[in-house]
Amino acid sequence: MSPLACWRRVAIVAPHPDDEVLGCGGTIARLAKDGAQTHVVIVTTGQEPRFPRKLVETVREEARRAHAALGVTTTRYLDFPAAELDRVPSSDLNAALGRALDDVAPDTLLLPFIGDIHVDHQLVFNAALVWARPRGASAPARILAYETLSETNWWAPGLTPAFIPNVFVDIGDELEAKLSAFAGFESQLKAFPDERSLEAIRALAMARGATVYRRAAEAYAIIRQVL
Amino acid sequence: MSPLACWRRVAIVAPHPDDEVLGCGGTIARLAKDGAQTHVVIVTTGQEPRFPRKLVETVREEARRAHAALGVTTTRYLDFPAAELDRVPSSDLNAALGRALDDVAPDTLLLPFIGDIHVDHQLVFNAALVWARPRGASAPARILAYETLSETNWWAPGLTPAFIPNVFVDIGDELEAKLSAFAGFESQLKAFPDERSLEAIRALAMARGATVYRRAAEAYAIIRQVL
Amino acid sequence: MSPLACWRRVAIVAPHPDDEVLGCGGTIARLAKDGAQTHVVIVTTGQEPRFPRKLVETVREEARRAHAALGVTTTRYLDFPAAELDRVPSSDLNAALGRALDDVAPDTLLLPFIGDIHVDHQLVFNAALVWARPRGASAPARILAYETLSETNWWAPGLTPAFIPNVFVDIGDELEAKLSAFAGFESQLKAFPDERSLEAIRALAMARGATVYRRAAEAYAIIRQVL
Amino acid sequence: MSPLACWRRVAIVAPHPDDEVLGCGGTIARLAKDGAQTHVVIVTTGQEPRFPRKLVETVREEARRAHAALGVTTTRYLDFPAAELDRVPSSDLNAALGRALDDVAPDTLLLPFIGDIHVDHQLVFNAALVWARPRGASAPARILAYETLSETNWWAPGLTPAFIPNVFVDIGDELEAKLSAFAGFESQLKAFPDERSLEAIRALAMARGATVYRRAAEAYAIIRQVL
Amino acid sequence: MSPLACWRRVAIVAPHPDDEVLGCGGTIARLAKDGAQTHVVIVTTGQEPRFPRKLVETVREEARRAHAALGVTTTRYLDFPAAELDRVPSSDLNAALGRALDDVAPDTLLLPFIGDIHVDHQLVFNAALVWARPRGASAPARILAYETLSETNWWAPGLTPAFIPNVFVDIGDELEAKLSAFAGFESQLKAFPDERSLEAIRALAMARGATVYRRAAEAYAIIRQVL
Amino acid sequence: MSPLACWRRVAIVAPHPDDEVLGCGGTIARLAKDGAQTHVVIVTTGQEPRFPRKLVETVREEARRAHAALGVTTTRYLDFPAAELDRVPSSDLNAALGRALDDVAPDTLLLPFIGDIHVDHQLVFNAALVWARPRGASAPARILAYETLSETNWWAPGLTPAFIPNVFVDIGDELEAKLSAFAGFESQLKAFPDERSLEAIRALAMARGATVYRRAAEAYAIIRQVL
C-alpha cells in the first residue's frame, strides 16, 4: 500500500500561480499516478496596472499546461488582486476561499507557509485555517504547509516562523516531471543562482531527499493530522 | 480504509512500565483491532534498594495484564536501572535499544517526549532517535512523541521543549479499554486530582479529542514522517 | 490570605460576548466571592447582515444573565463590528479600548490570547497591550492571557504563538458556576465533541487542574507582572 | 582594521524620528568617525490633528540637530502618516521605501525590530525585508534589527518575537555623543524611570556592553549576513 | 497590602555562593523588611585542588556577612563539588536538594535559570523542579527563575533557552543594599566592564526597572504559579 | 576589501575528523586564499574496540590530506574517546579544549551545532562556549555554529534547537575544492542519497547559496559577534 494511500482528495491552495508547482509539484504528480484527486485553488490574479494583462494571460496559460502535465484534477481561480490581499477584508477572503474548499471537500489540505515573506502567503494560510477549524467531522484529516523557493527563506527566520520540515514526500520518480512543469513557466523562470531556477529547485529537492535517505523529496511542516 | 492502515509494525518505547499505557494505550488498542502489530520496549527496571523487588514484580505483572488487555503483540525489557539512566553511558543505552529496535523493525516509532521532566524520558528519546537516523531505506517512516501525565507537564514548558500536539489519534471507541488497562496498574494509580488518576486521564483524552471534534484522542508531536 | 488577594480591580477584555466566560468564568466567580471588582469590556458587536439583530439581542441578554450569575461588577460594549476588526484602524481601536480601560483603571488585566485563530482576538490583544505600556506607575501590575475553547487550539500552534500556561487559578469551587453560566449561552452552546460544549469545558478545566493538583483550574499565560 | 570596516554605506530605517537615535545613535557616531556613510530613512511624519503641526516641526528640527551632531550623511522623510501605517496598502509602503533604499544602495541595513509593540515598527521591518530579498548580487550584505527603548520591551516577549541580541557594537567612546544627541530631542525626552530617559539609555548601553566586556554597546539581532 | 504579601516562606536555591545575591539580593532585602522568611540553599562547595580551602573559607564568610546584611533567615550548604555537578548522579542531587526543600517547605521557590551557561546551574534547576512536581497540595505556589550576571547571558540565547523576563520585583529602595552586599564579596568582585562588577549590576537593575517604570528591579522568568 | 577580511585567526572545533570539512571546508579554503590562519581542533579520537586502530589511522591520514588540500594552518587532536564524551567530566573537557583555544587565540570561532544529534557535538559546543565567555577583551569577536550533514538534520528540529542559518559564506569558487577534500575521506564517504555523499554536499551548498543569490554557500548560525 502506498504511504500516500490516505490522500484521496487533496486541495492545494496557492496565493499566486506557480507557488503550487514550486511547493508541491512532485507530490501532485505522484498523487496523480496513485489515482488521487488534486484540486488547485489559486487565490489571486494580477490586476492592471501592476500586472499587464498580457503577462497575466501568459501566466495563466503556463499554469494550465503545467497542471495538465502534472495531472492536476481541477484548477480554480478566486481572482483576488495579487500583492494586494492586505486590502481585502479578511471576512471576504475567508468566505470566498471557504466556498471553494467546501466545494472540494478535501481530506488533505496543502497550504503556503505562514512564515513566507509575501503577505499574500501569510493571509492565505490564515484564511485556509479558518475554514479548516474542526467544527465537524468533515474537517480535513491532514493540513500541511509547503515551502516556496523565493518566499519561504526570505522573511526573517528565527524571528518570524521558521520552516522546519517534519513531513517528507518522496519525489524521486517525479522530480524530472516537476522540473519540466516549472520549466514551462517561462515568465517566472530565472537563471541560477536565483531561487526560482531549475538548478535551485533540483538542489533543494535533493537536499530535502537526502535528509531522509531519498533521492528527492518535497518537505512540509505539519499543522494538524487526525488519524 | 482506516487512517491508521499504514501503521503495520509499531514500536512503543517506554522508559518505565505504564508510560506506554498513559501515552498510547488507546492507540495500541485500536491498532490491535486493526490487525497491526504493537511491540513495547520498556527500557528500565526498578533496582533495589530504591525499588523493592516486591514492587518491581507487582508492576511487571500489572504491565503484563495491561498489555494483554490492550492486545500488545510483544513486550521487551531492557532492564537498565530506573531513575539512574544518567549514569548509563549513552553508547550502552544506544546499543541495547538499537538491538531491540532492529529486532522489531518498526515502520512506526512512538517515543516519550524530550520535554518530560524525568531525565530517563529525555535520554530514551535521544537514544531512540540515534537508532532512527535515516541512514538507509529501512528507517521508520513515522516517528512521534507521546505525552505522559505526571511527566510531560512538569518540566518547564516555555523554557524546555513544550508539548504542542499536531497528530491526534481518535480513541473514542478505545478510551474505556485504556482506562480499564490503567486501572489495573494499582501500584501506580493515584486519586484525583493527581495526574495519574483515571479522572485526569479521561479529562485529557476528552480535551484532546474536542480539539479535533472527536470524543477522545491521544495526542502526539510528530518528529519525522516520510511518505 | 487568599492568593488572589492582590487582584482588586480586574478588567477582562473579550473580543465577543462569551469569550470572557469560556476563558475566565471561574476566575470571575471566585473574585466576586473574594469581594474584588470585575469589569468586562466586550469589544465587538455583531452587525447586520452578517449577524441578525435578533441573534445579537439574544446573545447580549445571555451575556447579561451570565455576568449576573458570575457576579461581574460592570459590563461595557465598545460596539466595533464583529469579525471585521481588521477593517478598523488600529488607532481607533486603541483609542476606544484605552478610554474604557482608563475608566476601569485595573490592577489586573485579562486578555484573549494572541495565538487565537480569530484575527479579532489577535487585534484586541495588541490594542490592550498598547494601553498597558508601563509609561507611568499606574499601569496594571498584572497582565495575563486566557485560553478560549474554539479559538486557542485552532490557529497553528508551533508556528503561531502556542498557549503554554504558567499561571493556574484554582476554580475547584467555581467550576459548576462557570458551566451553569455558559449553559445559559444557548445560542453559542454546541453538542460535544465540539469545543464549545459543557463536556469540553469541564474536561479542559479538570485537565488544567490536575496539572497543578487541583480539581479544576483556569490557565493563563503571563505577559507581565510587577511586584 | 576596524571591525566595522566592511560597513561603508549604511541605511538606518526609522519608523519615527528618534528611533534611529535610540537604537543606533552610537553606531552612527562611530561609523561617521570611521568615514562610512550613514543614510537615515524616516518613514512617517505626524499628521494633524493627531500630531500638531508645531510639534512635528519641532521634532524635525530636533532630528536635524541630532543627525548633524552624530554625523549622519543624509536624512530622507517618506512622510507616511505616523501611527497609521496599518491603513497604508503594503504595496505603497513597499514601493516608497524600496525607492529610497534603491537610492541609498546600502551594504548594511539597520531596521526596527519586528517584535516592537508599535505596529508601525512591525510594518516597516516587513517592508524593508521585501526590498532586501536577495534577488541579485546587489542586495545588502548585512541586515540587522536594532532595539528601541519604549517599543522593544513592551509587546509580549515570549509570545511575540523576543529581542535576543547576537551582535554588539562597541560604543564605549560614543555613548556620551549618543546621550547628548538624544538630550536634544527635548520633545521626546522623559524623566527616569521612563524608558525614554537618559538614565535608562545609559543603563541599557552599559548592560549590553558588560555582556561582551565593553563599557557600552548597542545590541542588534542579525537577520542575514552574506560574506 | 504589599504585592509581595503572598511570599511568606521563600526558598532561594543557589548553585554557588553569590548567585543568590546577584539574582535575588534586592528581593531578599525587601522580603526581610516585609517580615517574610528567606531560606537560602547553596548546592555546591569548592573542593580542593580546584578551589583552595582558603578561598572557600573566604567565600563562605563573605556569604555569611552578605546574608546577614540582606536579612536572610537561614542558609544551608549541601556541599556537592562545585563545577562537578555533572559527575553527581541526578538521583543523589535530587534526594539531597529535596530534603533541604522539604525542610524549608517554601510557598515560593527562586531558582537559577536553565539557560545559564554553567552546567551546575542547569542541573540545579532541574533537580529543584523534580522536587516541585505538584504531586500534592503542598507544592510551592510560585516557582521563578532569576538571572545571574556572568551566567545568564553567556550560553547561546536563541539556541538555548533565552531569559525573557515576565515578573519584575521593584527594588528601588533595596538596590543600594544589594550593591553593598555584593561589594562585600571581594573574592568575586571584578572591575567594570566585567559583568560581576557593581556598575554592571546597577546598570542591569536600572534597565530592568525602566522596563516597568521603576527605578530598579530584579527580573524573573516564571515557571509556574498557582493561585 | 574581502568581507572575510576581519577573520584573521580562525579556530574550527570539530568533534570528529571530517566534521570540519563537512561544515566549513569551503570557508577554510577561502580563508587560506585570503591569507588567514585556520586552526583545526579535533576533540575526539576513536578508541578500540569500538573503533579499530587501523580505521583510526586511516581517518587521521585522510584528515591530514584533506587539511593540506584546503590549506589548514594547524591541526590539533585532543584525543578524547569518540562517542563517549558523555563519560568525560565536563571540567576535563573544558580544561583541555580551553588550553588548545588559548594557544590558538582565535578572533573567530567555528563550532559544531548544539542541535546536532550526536551528544559529542552538543558537549563540544558547550565546552567551547565556556571558554569563549567574554571575561576579557581577548574573547573571540565572532562565534558561529556550522551545519554537519548526517548530524544537524537528525535530532528533533522543532523540539531541539533548529539550525536556522543567518550567516552565509560564499564558496562559489571553493565548492569543488571542498568536494575534492571530502572525496578523499574514503572511509567516511557514502553513496547518495546518504547525507555523507558528494551529491548531498553539493546540493546543500547550492541550496544554501541560492538563498542569498550565490552559486554555493556554507551556512552558519551566529552565536555572538562583537564589533
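So that you can tell them apart, the chains are marked A, B, C, D, E and F in the order they are listed, and the count of residues begins at 1 in each.
By definition in this document, a residue touches a chain if its C-beta (ideal position, glycine included) is under 8 Å from a C-beta of that chain, and two chains touch if they have at least 3 such contacts.
Chain identities (UniProt): A, B, C, D, E, F = PIG-L domain-containing protein.
Computed from a prediction, not measured in an experiment: that's the story for all the values here.
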Query = In terms of C-beta pairs in contact, which of D-E and B-E ranks higher?
reply = D-E
Key: Chain separated most widely from chain F, comparing mean CA positions   = C
Query = Taking all residue numbers at the chain C/chain D interface, are over half used by both copies (same) or under half (different)?
reply = different
Task = For the Cα fit of chain E against chain F, please give the angle of the superposing rotation, nearest 5 degrees.
result = 120
Key: Maximum centroid distance from chain A, chain identifier (CA atoms)   = E
Request  = Go ahead and note the Å separation of the Cα centroids belonging to chain A and chain D.
outcome  = 36
Ask   = What parts of chain C, by residue number, touch at least two of the other chains?
value = 134-135, 154, 158, 166, 194, 211, 213-214, 223
Request  = Classify the chain contact graph as line, ring, star, complete or other.
outcome  = other
Ask   = When you check every pair of chains, which ones turn out to touch?
value = A-B, A-C, A-D, A-F, B-C, B-E, B-F, C-D, C-E, D-E, D-F, E-F
Query = Which of the residues in chain C end up touching chain D in this complex?
reply = 89-91, 114-115, 125-126, 129-130, 133-135, 145, 161, 221, 223
Query = Across the complex, what residues on chain E touch chain F?
reply = 50, 83-84, 86-87, 117, 119, 150, 154-156, 158-160, 194
Note = Interface with chain A, chain B side, in the complex: residues 1, 3-6, 134-137, 139, 141, 166-170, 211-214, 217, 222-227
Inquiry  = Under the stated contact criterion, what part of chain C meets chain B in this complex?
reply    = 149, 153-154, 157-158, 162, 164, 166, 192-195, 197, 199-200, 202-204, 206-207, 209-211, 213-215
